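What follows is a group of structures, each given as structure tokens.
Both of the next two complexes hold subunit A, though its partner changes from subunit B to subunit C.
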Partner chain A sequence: MSRKLSTGRAINEALRIAMETDPDVILLGEDVVGGGTLEGDDLEEMGGVVGTTKGLVKQFGRDRVLDTPISEMGLLGTAVGAAATGLRPVAELMFMDFLGVSLDPLLNQAAKLRYMFGGKVRIPLTVRTLCGAGMQAAAQHSQSLYWITAGIPGLKTVIPSNPADAKGLLLAAIRDDNPVVFCEPKLVLNQVGEVPEGDYEVPIGVANLAREGGDVSLVGFGGTVPIALRAADLLAAEGIQADVLDLRSLAPLDEEAILTTLEKTGSLVVVDESTPRCGIASDVAALCVDRGFDFLNTPVRRVTAPHAPVPFSAVLEKAYLPSAERVAATVRELG
Partner chain B sequence: MQLSREQLLDAYTRMRTIRAFEEKLEELVKAGKLGGFLHLYAGEEAVAVGVCSQLGNADIVTSTHRGHGHCIAKGVDVKGMMAELFGRATGVCKGKGGSMHIADVDCGMLGANGIVGAGIPLTTGAALTAKLKKTENVAVCFFGDGATNQGQFHESLNMASNWKLPAVYVVENNGFGEFTPTEYVVPVKDIAERARSYAMRSDIADGMDFFDVYERAGEAIERARRGEGPTLLECKTYRFMGHFVGDPLVYRPKEEAEDWIQNRDPLQIFEAKVAEAGLVEESDLREIDGAVTRLLEEAIAEAEAAPLPDLSSILADVYAE
Partner chain C sequence: MAIPISMPKLGMTMEEGTLLQWEVDVGAPVEKGQLLYVIESEKTEAEIEAPASGFLRHVYVDAGEIVPCGTLLAAIADAPDGDFDADAFRQEHDRPAEVESTPVPSAPASPAAPSQPHVGGRRAVAPAARKLARELDVDLERIPGTGPGGRVTREDVGAYADARAALVGVGDGIGLEVPRLGAGDPVLLLPGFGTDVSSFAVQTAGLAERHLVLGVNPQGVGLSDDPELEVHPVSRTAADAAAVIDGPVHVVGASLGAAAAIELALEHPDRVRSLTLITPFVHVGARLRAVTDAWTRIASEASAETLARALLPWLFSPDWLADETARERGVRGLAASVGRVRAPALARIAAGLRAWSGTRAEDLSRIGAPTLVVVAGADLLTPNGAAVATAIPQAECLEIRAAGHAVAVEAADVVTERLVSHLAAH
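On to the complex of A and B.
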């Protein structure tokens, strides 16, 4: 059985299931309860800035749903310490841009403790975080910084493109014994789709072929999957059939799935809403020329944001983000 | 403390402009004419104006996500601000910054800031510049109660105190960080107490009373200018509107908000005080109200008619030429 839910609601459902099935799962973050009262009156809580965690405090109480001060470094460090000693925390970093004030607990602690301690510790930590542009939130609330976390050995990074994957990937992330960064792209947050009921996981590290074509491969993840799918529609109208591969997991990366579609089509365009340097798109392109060179009939092309901060003005933000039109035009240029 | 009639009218104009600006923005967002995340300053006007009326252009201020009031108080052009919020090429930041990053360094306004707490060390740095260059300028930082839980706050206060920097740290304690009441996340009764750990002077002002803020901020600013080091000034205030435009305000008691809005409005308190002292006529104030309304109408009309940024500007100003 399934029903239609937004990505935000699907995430809420995954959190509820994870907390029901494992008493060690706790949530902590800024405003994850979000006001309301300790006891007594009828004030309502907000459940996070976009309401994702609403309702959970009623079911699980304030010991398991913790509002932290605005102290990202402290809250992530606390989550790492709790994870290392027997809890299974789900920490919320409200916006991924706030990695700027909180990176050490992820970079030098969560990612490295197990390795440095000779494998004697596990860090079953999930960090949920909103990423990406599309809400005119401007330069400090719109970045897609998964290239930072995906590049750090010891961390996993996943990013869903639709509500059903969001639920299954989050459950897998929470139950993983490693630190997992779970990105929530703004472009898919309010997207509504069929979500299976009950408890299920989408395995980390496995890409999904979201559409079968055969003439060209479009590779996307998170918010660029809907863009790639629309581009595939545009191209289909011109007789070009595209495979659309949804990476779902950036670290580990499903290299075989990328090489499989490339082998089939001989042409690949990767779409990333982040900036072009040192990023996931470059990584995928490198994989294609490194391990997939013999499959290539055309150059590998990257469609990304420009090497600039995210601008505020709506017209600039729209031009900044990859679009289906740009993806389709890039495919046409390949000939 | 003696303020001239001119100074009083100027302070009132700035406070009224902030209030009217924020009320207009709320209307514009609700009418679907403005996008982005907007955090409005209505209710806290006496803090920004009480402090900034004692600063010159060369004194630096840094601000927060709730930055329009600090900009207006520091003298940033209201029309340029409106154009910015409309995402126009004529905006003070050419449409690149928007509400959370609105700034004009020509007025000594080093920016609103989307990162809670991040303006605090910028002020510390500006104060370091003033000290090393012996300019007698001061640097003032505005931030919320919530921001005092950030490491950057504590690290800054420690450095500023140790180096005796000419800085004033103004915490606008409005009782909430987003939706979370301050007492859930701050164990001290007064934020001012936090200065003790850094051997820094502190003071507490009624943030709804322009005159109280003016006096206490004035002392802190003068101390800083004399080279006697920084102060943490806590202003007790309240935000009249939601955390952001669209906030349903379910999490705070309606009666509490009503009480502040009805009985502690900084504009009304100001008006009552100046009337009682016979310093200005009511008609002066009403005239200002009218002028402010006209200014904002013009600002909106001009912003709406202004050109959008050229798409090529996306790559401009990433680096200095």
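On to the complex of A and C.
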């Protein structure tokens, strides 16, 4: 059975299932409670900046759903410590842009401890974080910095493109014994789709062929998957059938799935809402040249945001983001 | 009575055409020879004249439509009104050719030719194309690219390999590209120096109505093999042509192709039913030699279009060059044709041409086949064609005064008409 939920609600459901099935799972973050939840207080809690954790404190209580001070370094440091000492924390980094003030616990602790202690410690930590543009949250709250976490050995980074995957990936992330960064793209947060009931996981490191075509491969993840799917519709009207591959996991990267679709079509366009330098799109392009060279029938093209901050203006933000039209035009240029 | 107008087939590789524009309104009178409509095929526009006088009675295909060759486009009737059953007329005359879904062997070559320089920088080849070429053991250098900027794609390699598989073996493991069109008594076409059989596009279309037209691309031309000899003798072209055919056929050669045709008529008289020599020669004059030298050099250093532009003044008459539309169309057609001959092959062919000079001056009187010689009044390269006609016992001579060396292109219709009647008479 399934029913329609938004991505935000699907994440909420995954958190509830994780907490019901494992008493070691705790939530912590800025405003994850966010409001009057004291006994007898009828104030509605906020449940995080966009309400994703709403209702969880009422079910699981203040011992397991913790509001933290406005210190991301403290929040993540606490979470890493809790993970190292036996809990299975889910920390919410309100915006991925705040990596700047909280990186050390992730970069030097969470990612390294298991390695440094010869496997004698495990860090079953999940960091949930809003990423990307699309909500007019401006330059300091709209970045897609998953390329930073995906580039750190010892961290996993996943990013769902739809509600069903969001639920399954988050459950897999929480139950993973290693630190996982779970990105919540603003472009898909309010997207509504079928979500299976009950407890299920989407395996980390496995891409999904979201649409089967055969003439060209469109690779996306998170918010660019719906964009790639719309581009595939535009192209289909012109007789060009596109594979759309949803990476779902940026680290580990499902290299075989990328090479499989490339081998089939010979042409690949990767769509990333992040900036172009040192990014996931560049990484995918490099993979195609490195391991898929003989498959290439056209150049690998990247459709990304420009190398510029995300603008606040709705008009500019729309122009900044990759669009289905731009993806389709790029495919047409391949000839 | 009404006359059908159908989408013409202007070249062996043409399968369909776009009707760009009707030049006459429905119901309006038309004169034979009047511009009736314009089509576009393989990136080239062609203006088509009315084949008869009358009234444009009915139009079946509107401007902008793409239809296969043979599709009924319109009817020209004796009267602007009166009985005319458009549907019955269509039933009777609509004969669209089957359009192949896969590219025909030489199809990609012609349109792509101008965008690929022979040399000068690395050719753009998709890695997948490189790999497939390696697997199929085909020479990438010879594959025309249809991707952006002339990039060779995987599909180009596949099409080339398929075309290679269709080559006609002429011995010694050598295969020639011999495009075929039509049905009937066979006609063999031998193109001139540095061009492929697409230079006979109009003749091919005209002859194919009642003949099987076999265009022979000599060694080094088009997809034909190119053994890397120092000299490619004219006698080789003739021997290869003889190997392509079984019985006696009509042989048509232009310029160097005429030299090969002479060679064929002398060495294999049993294979030649009639002979048509367009701008023939027996001695290579200093100017022809200088032009073929320049041709070879430019081909190795510049694009096919540059080569075509440089050649234009040598091949066409001043009158024709004065018409800008004709000139630009000529550049495109010539570029497509010369672009199908590799520069290294040109050097070998030029050496063969020089070696042949003068060797058959005394033998023309031995040619027994009924011969038509076509000469052009403004021919700068082979100005002594009429002497060839005089030397061949059974030769008729058609002189087209206001045309240059490329008379089969410049005065295509006149040449075709005469060619058709010459073949019909023999």
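Convention: the second predicted complex is superposed on the first by the 334 of 335 C-alpha atoms of A that agree within 3 Å, B and C clash if a C-alpha of one lies under 4 Å from a C-alpha of the other, contacts with A are read in each partner's own complex, and residues count from 1 in each chain.
Rule of thumb we're sticking to: a residue touches a chain if its C-beta (ideal position, glycine included) is under 8 Å from a C-beta of that chain, and two chains touch if they have at least 3 such contacts.
Just so it is clear, the structure is predicted and the values come from calculations on it, not from any experiment.
After superposition onto subunit A, partners subunit B and subunit C are found to sit side by side with no clash. In the superposed pair of complexes, A:E30 makes contact with subunit B only, with no contact to subunit C.
Contacts of A:F182 after superposition: neither subunit B nor subunit C is touched.
By the document's definition of touching, of the two partners only subunit B reaches A:E45; subunit C does not. In the superposed model, A:W147 makes contact with neither subunit B nor subunit C.
Which of subunit B and subunit C touches more residues of subunit A is settled by the count: it is B. Once the two complexes are overlaid on the shared chain, A:F60 sits clear of subunit B and of subunit C alike. The gap separating subunit B from subunit C at its narrowest, counted between C-alpha atoms of the superposed chains, is 27 angstrom. When the two complexes are superposed on chain A, none of the residues of subunit A touches both subunit B and subunit C. Those residues of subunit A whose C-beta lies close enough to touch subunit B in the complex are 30-31, 33-36, 41, 43-46, 49, 67-74, 97-98, 100-101, 135-141, 306-309, 311-316, 319-320. Residues of subunit C touching subunit A in their complex: 126-131, 146-148, 151, 153-155. Subunit A meets subunit C in the complex at residues 266, 293-298, 333-335.
Every residue of subunit B that touches subunit A in the complex is listed here, in rising order: 35-37, 84, 87-88, 91, 93, 95-101, 113-118, 146-147, 149-152, 176-181, 184-186, 250-253, 308-309, 311, 313-315, 318.
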